[in-house]
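In what follows, subunit A forms one complex with subunit B and a second complex with subunit C.
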Partner chain A sequence: MIIENFKHKMAAHCESGTITSLLNHAGMQISEPLVFGISSGLFFGYFHKMKTFPFPTFIVRNKPGQMRINITKRLGTKFNESSFRKNDEGARKLDDLLQHNIPTAAQVDFFYLDYVPSWERVHINVHFMVVIGKEGSNYIVSDSYFPEPVTLKSSSLDNSRFAGGSMSPKGFIFHVADIPSSVNYKAAIIKGIKNVCFNMLRIPVPFLGVKGIRLFAKKIIEWPNFARDTEHLSHEIMKINILLEDQGTGGAGFRFIYATFLQEAAEILSKPELSGLSRQLMEIGDGWRELSLFAARIGKNRDLGPEKLKQLSGLIQNRAEVEEKFFTELNDVIKRV
Partner chain B sequence: MKEIEGIANCPEQQVILYVEKEDGKFGPIQTGSYLSANYLDDYFYKRKNLELSLRKRVINGEISLVYYYMVLVDLSISELASRAGISRSIVKKHFEPKHFGKCSVEGLRKYAKVFNVPIANLLQIVLINMDDHLESLFILENKTRNISIEQNSTNNPYLSVSKIEERGK
Partner chain C sequence: MELKNEIKTLIINTLGFRNITPSDVDDEKPLFGGENSLTLDSVDALEIIMALQRQYNVRIADQNLARNIIRSINSIAEFIYSEQNKSNG
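And now, the complex of A and B:
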């Protein structure tokens, strides 16, 4: 069986895409940029030494799962959520929901999804997708990174829902329980923007927000010390491009989707200044993209000497400067609304 | 970013990018991954070299296949330990062939699940003769131009079945 009236749609990001699809299915017409912006998805964090990661890395979005929590608080939507200690209980609950025609989002480890090309498959426990049907021993999945719904073996889904490690999904699933009859979008947008400005400018942690971008710029020069050899360093430097462009960001580490959100917000709040800021952020995003293409190029050419890394560091440092200015201005504008 | 700048040709990996459309509005386009369209050959080149260097070390008795797979699937020691449910210190010991011998079959099953390979592949490297060199089955993703190899798990947690078939038949 398959939930016939569920409309599969590609999205920039798995979590905002999944939430958008579920809300749209439940009758709430809302765009992915609005979901992303209201839930304060934009973020930056740099992790130089963390046991979870084999190499220094960074993130460009808020904590996985936080988007759903923020949307619930700010839009008044309700989700039914379940986690499981036993795999078979998790499978039974999912099958039961599908039997009742309820599209159900699942948190999974990306590594076991056999429909994903091999070069994309990595162990990361925070991918979200919507399960929309089951045929024999295969599930039908609406994964927002794919143009059409895909099929997934039940054993693969089981492995991915119950993978261990950091942020283990523990079979986590959720579905829409209720949507409000009316929503105060203005208040939700203002809260979402204020939260992002706080996270980027004032969060008191030295590796998060704009401070995190500065730390990234400073520390990337030390990356050769962590690499096995030049090819390893090349791989990690090219991963900057993957994290900013390819891993479900909508381009430029979510800056483009956030610019789109600000354009929508300008209309809803009748605040033309936000429209100007959205253009500014699009340009800032172009700078991130330039940086990520530079990383891909020097990685491919194995041109990874100290001078090139310094140049890359300079490009990152420059993003910190422009983003500090941008979010300060955005914060001032939103405070006056 | 203007719409035209976001276009890349890669049918295997499609992405959504948010761009500036002709009317000045920002919105999504579906396009190919720029990196995969332009740099995928380099990814596979590096991956093959990495596998070959690790394979040599396994064959020389310097490392076990636990270490080999951990590096190939890009996991940290802590993350592997946490995923397998084996302590970090024991995992580190299992990297050395002399201690790997003390790993139980149940331990192998746990590692195999994390790496998504049959248990048997923690005790062997399957190589395929490709024109002028031997290539690992793991890197080839179980297929060549002429054959495909399916390694399926069974209801018996300690048994997998390998089926080798000529492709196109």
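And now, the complex of A and C:
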């Protein structure tokens, strides 16, 4: 069986795309950029030396799952959520929901999705997709990274839902329980923007927001001290490109979605200044792409001398400057609404 | 045809392939995975995205769409053509 009236759509990001698809199916007409913006998806965090990370790393979006939590708070939607200790319980619950024609989002490890070309598969435990049917021993999946719904073997879905490791999904699934009869989009947008400005400018943690970008710029010079050898360093430097561009949405990608959100927000709030800021953010996103490409090139060519790392540091520092200016302006505009 | 040759030349020049000419590159075969005369990786993909943006003033903002757009010479040409039509219309 397949849930016939479910409309599959591609999206820029798996979590915001999944939430958008579920809400659209439940009757709420909302775009992915609005979901991303209202849920304050944009973020930055640099983690230099922590027990959980074997090498310094960074994040470019808010914590996985946080978008759903923020959407619930700001739009008044309700989701039913379940995690499982046993695989068979998780499979039974999912089958039961499908039997009741309920499209169900699942958190999965991307590596086990057999519809993804083998060379693109990496272990990411926080990929989200919607299961929309089951035929024999295959599930029908609406994965927003693909142009059409795809099929996935039961065993692969099981492996991906119950993969181990950091942020393991534990079979986590969720579906829409209720949507409000009316939504105050203006208030939700304002809250979402204020929250992003706070996170990027004023969050009192030295490695988060713009402060985190600055710390990243400063500390990247020290990365050779943590690497075993040039191969390892090259791998880690190329991971900057993977985290910014290749893996799912990317740093520039998130900025591009947020720019589209600001464009929509400009109309809803009747604030044309937000359109100007949207254009600015598109250019900021281009800068993240340039940075990402530079990291990929020097990593690929093993051209990792101090001069190159200094140049890379300069590019990151420049992102901190432009983002600080951008979020300060955005904060000023939203305060006046 | 002219657009496709232009795109092939852009890719060859951007990525510095010395022994490949536009006529060696198949229009429909995927540019990734080794089936075409060009064998590209994800870093090359980003180089191509940025070269297309510079040459044709088209921003491919969505990484998932980008994967489909730069799948082959035909898909890139189709995208450029539709973007040019949008801005002309």
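Structural remarks
Heads up, the rule we're going with is that the second predicted complex is superposed on the first by the 329 of 337 C-alpha atoms of A that agree within 3 Å, B and C clash if a C-alpha of one lies under 4 Å from a C-alpha of the other, contacts with A are read in each partner's own complex, and residues count from 1 in each chain.
The rule is simple: a contact is a pair of C-beta atoms (placed from the backbone, for glycine too) under 8 Å apart; a residue touches a chain by one contact, two chains touch by 3 or more.
Worth saying up front: this structure is predicted, and the values here are computed from it rather than measured.
Superposition of the two structures on subunit A shows subunit C clashing with subunit B. After overlaying the two complexes on the shared chain, residue contacts for A:Glu273 are found with neither subunit B nor subunit C. Once the two complexes are laid over each other on the shared chain, residue contacts for A:Asp303 go to neither subunit B nor subunit C. In the superposition on chain A, contact is made by A:Gln263 with subunit B only, not with subunit C. Which of subunit B and subunit C touches more residues of subunit A: that partner is B. In the superposition on chain A, contact of A:Glu81 is made with neither subunit B nor subunit C. Once the two complexes are overlaid on the shared chain, A:His123 sits against subunit B while remaining clear of subunit C. Of the two partner chains placed by superposition, only subunit B is touched by A:Glu231; subunit C is not. In the superposition on chain A, A:Pro33 contacts subunit B only, with no contact to subunit C.
When the two structures are aligned on the shared chain, A:Gly253 is found in touch with subunit C, with no touch to subunit B.
Contact with both subunit B and subunit C is seen for A:Met10 once the two complexes are overlaid on the shared chain. Shared contact residues of subunit A, touching subunit B in one structure and subunit C in the other: 10-12, 117, 119, 144-147, 238, 241-242, 245-246, 248, 250, 252, 256-257, 259-260, 282, 285-286, 289, 293, 296, 300. Here subunit A touches subunit C in the complex through residues 10-12, 117, 119, 144-147, 238, 241-242, 245-246, 248-250, 252-253, 256-257, 259-260, 282, 285-286, 289-290, 292-293, 296-297, 300, going by the rule given at the top.
Touching subunit B in their complex are the following residues of subunit A: 10-12, 32-33, 51-54, 111-112, 117-120, 122-123, 144-147, 155, 159, 163-166, 231-232, 234-235, 238, 241-242, 245-246, 248, 250-252, 256-257, 259-260, 263, 278, 282, 285-286, 289, 293, 296, 299-300.
Subunit B makes touch with subunit A in their complex at residues 1, 6, 12-20, 25-28, 30, 33-36, 38-40, 42-44, 46, 49-50, 73-79, 82-85, 113-114, 116, 141, 153.
Residue ranges on subunit C touching subunit A, taken from their complex, read 32-33, 42-43, 46-47, 49-50, 53, 59, 61-65, 67-68.
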